[in-house]
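In order of appearance the chains are A, B, C and D, and numbering begins at 1 in each one.
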Amino acid sequence: MSFNSFGRVFRFTTWGESHGLALGAVVDGCPPGLTLSEADLQPFLDKRRPGQSRFTTQRQEPDQVRILSGVFEGRTTGTPIALHIDNVDQRSKDYSEVAKAYRPGHADYAYDAKYGFRDYRGGGRSSARETAARVAAGGVARLVIPEVRIRAWVEAIGGDAIDPANFDADEIDRNPFFCPDAAAASRWEALVDGARKSGSSLGAVIACEATGVPAGWGAPLYAKLDSELAAACMSINAVKGVEIGDGFAAAALSGEQNADAMRPGEDGRPRFLANHAGGIAGGISTGQPVLVRVAFKPTSSILTPVETIDRAGDAAEIFTKGRHDPCVGIRGAPVVEAMMALVLADQKLLHRAQCG
Amino acid sequence: MSFNSFGRVFRFTTWGESHGLALGAVVDGCPPGLTLSEADLQPFLDKRRPGQSRFTTQRQEPDQVRILSGVFEGRTTGTPIALHIDNVDQRSKDYSEVAKAYRPGHADYAYDAKYGFRDYRGGGRSSARETAARVAAGGVARLVIPEVRIRAWVEAIGGDAIDPANFDADEIDRNPFFCPDAAAASRWEALVDGARKSGSSLGAVIACEATGVPAGWGAPLYAKLDSELAAACMSINAVKGVEIGDGFAAAALSGEQNADAMRPGEDGRPRFLANHAGGIAGGISTGQPVLVRVAFKPTSSILTPVETIDRAGDAAEIFTKGRHDPCVGIRGAPVVEAMMALVLADQKLLHRAQCG
Amino acid sequence: MSFNSFGRVFRFTTWGESHGLALGAVVDGCPPGLTLSEADLQPFLDKRRPGQSRFTTQRQEPDQVRILSGVFEGRTTGTPIALHIDNVDQRSKDYSEVAKAYRPGHADYAYDAKYGFRDYRGGGRSSARETAARVAAGGVARLVIPEVRIRAWVEAIGGDAIDPANFDADEIDRNPFFCPDAAAASRWEALVDGARKSGSSLGAVIACEATGVPAGWGAPLYAKLDSELAAACMSINAVKGVEIGDGFAAAALSGEQNADAMRPGEDGRPRFLANHAGGIAGGISTGQPVLVRVAFKPTSSILTPVETIDRAGDAAEIFTKGRHDPCVGIRGAPVVEAMMALVLADQKLLHRAQCG
Amino acid sequence: MSFNSFGRVFRFTTWGESHGLALGAVVDGCPPGLTLSEADLQPFLDKRRPGQSRFTTQRQEPDQVRILSGVFEGRTTGTPIALHIDNVDQRSKDYSEVAKAYRPGHADYAYDAKYGFRDYRGGGRSSARETAARVAAGGVARLVIPEVRIRAWVEAIGGDAIDPANFDADEIDRNPFFCPDAAAASRWEALVDGARKSGSSLGAVIACEATGVPAGWGAPLYAKLDSELAAACMSINAVKGVEIGDGFAAAALSGEQNADAMRPGEDGRPRFLANHAGGIAGGISTGQPVLVRVAFKPTSSILTPVETIDRAGDAAEIFTKGRHDPCVGIRGAPVVEAMMALVLADQKLLHRAQCG
């Protein structure tokens, strides 16, 4: 119920720090009999893996996942699936200054305030490196929901948004930004390069859509599908906002504008004329695409010195010398996909438990 | 762990439907020895109560809360606190049409898809009436965190936002909109009246701030303070978006702009020069005010007929004749406050459990 | 996850004290569409109800259960089912002495040590009166598992056991002791009368069997069926021991004696030649009858004065003047049945979640 | 909440199979700042380790535990502690027959019935080998409760019990049976040797005492200390019964005999004249020693052929050729100690959460 686990029936627990020996996840409650090998998970880790373009951190991590339990003769057994990823390219020397003073925007001060001390190497447990474990677990989750197709993309970087008219799903995997708009991708190259070279950083907005979700998933009132998605996405490093469907824009609409009118569709199911609701009503999926949008703040690690205090409470100045993503939101795309998969897998099983 | 409970150590469970006999909450895990009577809870229910101005639904509910257990000789005993609110002014006849066809934007279709049938009277369990139980539970939560002051206000209605320069905390309770900007409150009168008279509805944005939260509350990684707040707020009826601190605006900032620089403050604690982070870093409170912003869609019940389908899957047209809030977000303010209190009380106890 | 809730998917929460206004349960996660009315629950409450013979406490409680939510037009809706039982015959005056000194064997001292004070009226929350709420919830659970038949009986009182050779299931409901052995029932009349008249009390052993449980229920490793049953039964007031199948007797057997050999049965399922295991292997049901045996200590309330201390820590003497069961284990039979039903309903849904 | 995790605030999750690559545990919710290294855990694993005398299985496993996360510079950080134990001496060839037919008393049939297939090598997940992970986690738990001393011993093997008059705590670690009675230990040598040589097996009763537990731990009503201990112990392989204090014997006592009278002790706390209750009243510790007694059935693996069925449902005969403990209960002693530590650590933190 606590701390480092997520999910109710399909449940995962992650462990590990940025510069520890390894990190991993234990996936519990997975249905038995699903075909699973490391090759099923690796593509998702590769997508999230750092060091693949100049627009992400240059830390080189192969992020090879190993399955240590829960699979026998190529199939899940229904028992816990232990996923293990070794840390390879830790350079702890980069972080000596961080031990002494607090990096604004980072969790440094908060961790010290809570726990009395912290593993300062690369941010320790608060590092986005932990998301590798989520992505591995998310790969297992996808097997549980073969009827669903999940796709995330970057919608804006540093305030420069895509043009919806240019949306081309095939474009997403063709550029290092998970950008569905070729023109925007070009602009972002310069934008991110600029930030990288000047030691600055940029925020981003990620959108993620799940199609094929049947009507009826979601466990009101406090395990609503949208509530779980909000928790899942807000738990990702650097996330500061979550929207379902029209999100904040809906607050400016009238009731007439916001109504997703229905017409008779196939098999007595409705055909919706719009999807302002993002596929969720009353916390339950409607059968429309589930749409979530997530705001990532700019990477807190910047080369510009910032005023801060040290552990003794005295004034200090700090800038972060380690290797960092100029825009952590970019690599957030596969992480949001993983969280979507993890939530949907859990909700599918939870729905099956109650409603058969 | 499931469905209608929220919280980990300080935990509440709600029950009840819009037109049932009653609704209530069971609050579990409350520390013993706190002074508690019904008079401590009633003011919060009164604030949320419908029928107090022409800008809210005209349903007349006294919402008198009764404490049925867990309190002895005026103090909490550490055992479950049962809170009970009778439903008084149900007019089930208003909802006969809803039984047959699905109201777009409402949970009608989703509930039928999930459960096979539904209590259609006033939306049944999916009605915002359930939030009365949350508000009562939230009143108990406040007793657990006397060091914290919680204050919510309406920041925008129908896209018309307050002017931050006009912000006056004392103004919030002087108008029926929980509006801290007297000028905006005047404009909103006309705006909401217009919507009400035309049978339309409006969305709203609520902001909620908690001051006095010490640094160190929050249980990373999957019970982070921001993650819990996001789940708590997204579980409220009609909510479509949640932001912490700068939220989506942070995604357009540079790392330099977004950094909350620190200077030495009192007792070795930092004095922060800004609060883009909304008082939370790495999922843990920093000692700054905790700030959450919530988007409410316009009330789905409107008098304009909308295309829909009936239970048989045939085309139909529906408009909602019952009594409804023209802007459900307004009454959302005390509900967001309650959820803030409930999350913080739980996090305080969770922190005490682990860190003493 | 905490305190006063039990179950994982089918989950109930109880509240209320012996001498409070009322007590109740909220049942969450119940499948939708089950036919349910108060008349379905009342017989179980009547079976547990006090004051029905001279062998139980003379407190007169009608224990009329009311369903306040979660049922619409006679069927469960899938939303929380609130069950409410008013307390009627509280005589708080009986308990004035208990306020000052601790009754040995009771929870008085432990509650004070934990919470700093306590509701001393009739034992407050620690009273066996709470089991009325469990029994009501158990009635709902039975609807979830129509394939299962549950039957409890008293196997021994004060060390005087039934003769298995005399076992007659029809006899159980013919005497006030839930005793399947007519000869033992006769003996127990004198035995319990003697204890009652002398102000003494007796312990008892309850056995409970569930037939019709299919093979495959149980969620290893930490939600094993036997583990859940042990927790459920040990949570009942006055219970000090739980056995599955042969229990402690199995510890004296050899591997050959304890083996439940199998032969081909119907549909490829085994026919077991014995049931030392009590229907559970590896924490999972085998398709055999599930058998649990529960030890109740003698009622702690006795008329003989016992040495104790008062709240100030000074020496005192106490004897309990209130109305009490001379053998609380007798009324434990319907409570054990309820716990069996609640565990099995939860395990059925949990199994369905994971294994379809 | 589900399956392979245990605990509410101090919570652990185990993974791994008998013949997989490794097994392990993730301990979550551990307080920060505790001194912890592998050397703190290894002694407990060594105590449970097989192959140390001829009275246990001859499988040779070094059971070297590695800490992969959650510790920094020798102290716990408050983040998840991943414990990893490699499997070294798997001999999967021994289990080929088990793949085809079901061993009576084992989980073979139940796992197949539940999951559709199973990892048959050494019992897979249902093997007692999993308890190594619990014992490692238990070592962490002990650090959380330095005020408590936990000691388990074997009280009976194959029905041959120790003589309480001979109880000598120092004797426990001097013989391979964790036996506090030197005379009994001598007898058991012959008894267990006999079972081993004839390919038979024996059951055992383990007792475990925790001293130093302050009054007030335990979270009624459904996370009572005794309820949690019952669940924890019943989840151990081969356990069929759990008693608290006098357990089943209490059911044969009168109220007078069973009363643990109190006299004034130190600091206003009572001095108890007896401990029939096993240190727990109303689910809360009383300050007396907490005493639990656990029944282990005889090892199900025996060399005598037993009637059974194969996966196709046809008649078969099976005897188990692998290496097994002639009395699995012996090595249960350190496992029961671990579960006691894990429950008490969790209850300590839970108490601190609610009661400060």
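Operating definition for what follows: a residue touches a chain if its C-beta (ideal position, glycine included) is under 8 Å from a C-beta of that chain, and two chains touch if they have at least 3 such contacts.
Model, not experiment: these values are computed from the prediction.
Trainee: By CA centroid distance, what chain is farthest from chain A?
Mentor: The most distant chain relative to chain A turns out to be C.
Trainee: Between A-D and A-C, which chain pair is linked by more C-beta pairs in contact?
Mentor: A-D
Trainee: List the centre-to-centre spacing of chain A and chain B in whole Å, with centres computed as mean CA coordinates.
Mentor: For chain A versus chain B, the centre distance works out to 26 Å.
Trainee: Quick one: chain A and chain D, Cα centre-to-centre, how many Å?
Mentor: Computed from C-alpha means, the inter-chain centre distance equals 39 Å.
Trainee: Centroid of chain A to centroid of chain C, CA atoms only: how many Å?
Mentor: 45
Trainee: Counting only residues that touch at least two other chains, what does the list for chain D look like?
Mentor: Residue numbers touching two or more other chains: 1-5, 8-9, 14, 29, 32, 78-79, 114-116, 125, 220, 350, 355.
Trainee: Which residues of chain D touch chain B in their complex?
Mentor: Residues 1-2, 8-9, 29-32, 78-79, 220, 349-350, 352-356 of chain D touch chain B in their complex.
Trainee: With touch defined as at the start, can you tell me which chain C residues reach chain D in the complex?
Mentor: 1-6, 8, 14, 102, 104-107, 109-111, 113-116, 125-126, 130, 156, 158-159, 195, 200-205, 214-224, 226-235, 237, 239-248, 250-265, 267-270, 273, 276-278, 280-287, 295-302, 304, 306-309, 312-315, 329, 350-351, 354-355
Trainee: Can you list the chain C residues touching chain B in their complex?
Mentor: 1-5, 8-9, 11, 13-17, 20-24, 26, 28-29, 32-33, 66, 68-70, 72, 75, 77-82, 114-119, 121, 124-125
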